[in-house]
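Across the two complexes that follow, subunit A remains constant while its partner is subunit B and subsequently subunit C.
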Partner chain A sequence: MEIMIFGHLTEITRSKSIDAPCAKNIAELRHNLEEMFPGLVGKTFVIAVNNQLETEEYVLSQNDRLALLPPFSGG
Partner chain B sequence: MENKKIKNIFHEGPILPTFISDSIAKHATKTDIGGHSIFLGQVRADVIDEKAVVGIEYTAYEEMALQKMHDIREEIFAKYPLNCMHIHHSLGFVPTGELCLFVFTSAPHRKEAIRACEEVVERIKAELPIWGKELFDGDGYQWKVNV
Partner chain C sequence: MERYNRQTILQEFGEAGQRALKNASVLVIGAGGLGCPVLLYLNAMGVGRIGIMDGDQVQISNLHRQVLFGEGDLGKNKAVTAAKALNTNNSQTQIDVFQENITKENAVNIVFEYDIVVDCSDNFPTRYLVNDICFLMNKPLVFAAINGFEGQVAVFNWKSSGNYRDLYPIMPVFGEVANCEETGVLGVLAGIIGSIQAAEVIKIITGIGQPIAGSILNYDLRDHSQIQFKYKINPSTSPSWENFRHSDYAEICELPQTQLIDLPAWEKIVENESMTIIDVRNHDEKPKLKIKHLSLPLPELKKQFHMLPLGDILFICQTGKRSREAVVIAQSKDEGTRKFFTLQGGINALRQLN
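Entry: the complex of A and B
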């Protein structure tokens, strides 16, 4: 699953886009990402699915557009 | 009625005062407006650990931010009797002292314009996926945190 990365999280992943193993829901995806990038453990971030913030139980599909978002700081 | 098309709010670099004055001038023909409210966000020269901030580099998840801003716009128009609302946010580098956010609401009466403007500003800061990186004089940076 391709995942877009934003803000300071790009310094942990060292890329603005990563490929992660398929996950059935957001909780599993979060777990997989923390195994791939231990620097993410303890960091605050949300996962957007198709431009919406979803709960940890949200069931993922192959074509979902996924993004890792740290706390917002616009304005 | 407000146009339902998703509008672009992003500007590369600072928002210029002349852009703002031109935007105000364009409302002279809308004579049912009785009050405008304008918020201007300016980049502050904070000093952190004796290092001065020289500007902020903004990035965004643009597609999501524009969709979210569209949703907020619809909700604000449903909540307040506004004539119009204009939002502009910088991307890229904005030096200290220059403007990074311009929110402009207009209504037949002042209270609605003021309340809508404040609510839009707060929602932009809390809900739009935009990130600021504060660049220090010389080198180094820190990621901005909204309070």
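Entry: the complex of A and C
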């Protein structure tokens, strides 16, 4: 599954776009991502599916467009 | 008026739009990278009353993006200095200067005075405080934040458009997200995002177009890509007066290692029932815990703290974030007679045991 990465999370993933193994829901995707990139553990971010922020139970399908969006604080 | 002719001749804006600006009052919190362009345009375009709130002084490292200030302003208060600069452009604006940062104590009286609040602050405690008070007082809030080459903009509390906690219910831990001082920011990014923010204020006041409501805009300067992410309103994370009164809106710091429970320690605690385990997730969250535990959602912890059983307590949630906040809350309520712990990685981490 292709995932777009935003903000400072790209410092952890080293790329604006990554490929992750298929996951059945967001909780599993989050878990997989944390194994691929241990730097993500404990980081605050929400996961968007097709440009809509979704919660942990959301069931994913193969062609979903995914994105990791962290909060910014700078002004 | 000649002064505003180039915008009043716009059919959609017209004299009515100008009157609406004249009658509007806007509070700008933070006169920094975002605040400067917001203030420049709201003032120049004819917003009748502008409040500027900032307790900081101008520093040399601000000048590359905080374009209202000059070399002669170093060391001076930003709100005072910004007001002077604005006055040279448009002397008709009523400008209220607050040489202080927003706090729990001053927030209600100041926010009450204005139609719209603009969050141009640079730290999470202020952003959560501003979000909460605007939600509680039902004031439209134009939010923006920048990081590196990217910016976020959203309009909250406008025609039921939700609030920041619908996206990020809990404040990140201190140091988790670096600020402009640490990661750097391209000067012009603040100009672009601040200008989008000013445009949203103008749109709300005049009714022109469609503000970024119910979604958050992410802008990337490197390729000018813009994506809006929709979010759902989650009443269980909404601010309440109760939480507002009890929160100290201070940076949440990492807990000492001794209060973080890892999986081997977790298994021992469960086996020996050596302390009370409390699940601070909401009642409807899954998976349910199969071990002996109590359930007390985080928003209720402060009110119900005195009902908790005596002895040490291990808090648990889905990811370890809310349980960490529960430890901080419990420590502030307790008289120091017992210990509080959090399960690292939360229930998500327990999957590694199966």
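The definition used in the following text is that the second predicted complex is superposed on the first by the 71 of 75 C-alpha atoms of A that agree within 3 Å, B and C clash if a C-alpha of one lies under 4 Å from a C-alpha of the other, contacts with A are read in each partner's own complex, and residues count from 1 in each chain.
Keep this in mind: a residue touches a chain if its C-beta (ideal position, glycine included) is under 8 Å from a C-beta of that chain, and two chains touch if they have at least 3 such contacts.
The structure presented is a predicted model; accordingly, all values stated were derived computationally and were not measured.
A simple residue count on subunit A separates subunit B from subunit C, and the partner touching more is C.
Touch criterion met: A:30 reaches subunit C, while subunit B stays clear of it. Legend: residue contacts after superposition of the two complexes on their common chain; A:71 is shown touching both subunit B and subunit C. When both complexes are overlaid on chain A, the residue A:19 reaches neither subunit B nor subunit C. Shared-chain residue A:44: touches subunit C; no touch with subunit B.
On subunit A, the surface touched by subunit B in one complex and the surface touched by subunit C in the other have residues 6-8, 48, 51, 67, 69-75 in common.
Across the complex, subunit A is touched by residues 41, 58-61, 63-65, 67-68, 89, 100-101, 121, 124-132, 143-146 of subunit B. Those residues of subunit C that touch subunit A in the complex are listed here as 30, 32-35, 119-124, 127, 144-148, 150-152, 167-168, 170, 172-173, 176-180, 183, 185, 190, 216, 218, 220, 227-232, 286, 318-321, 345, 348, 351. Listed in rising order, the residues of subunit A touching subunit B in the complex are 4, 6-8, 48, 51, 67, 69-75. The touching residues of subunit A, when paired with subunit C in their complex, are 6-8, 27, 30-31, 41-44, 46, 48, 51-53, 56-57, 67, 69-75.
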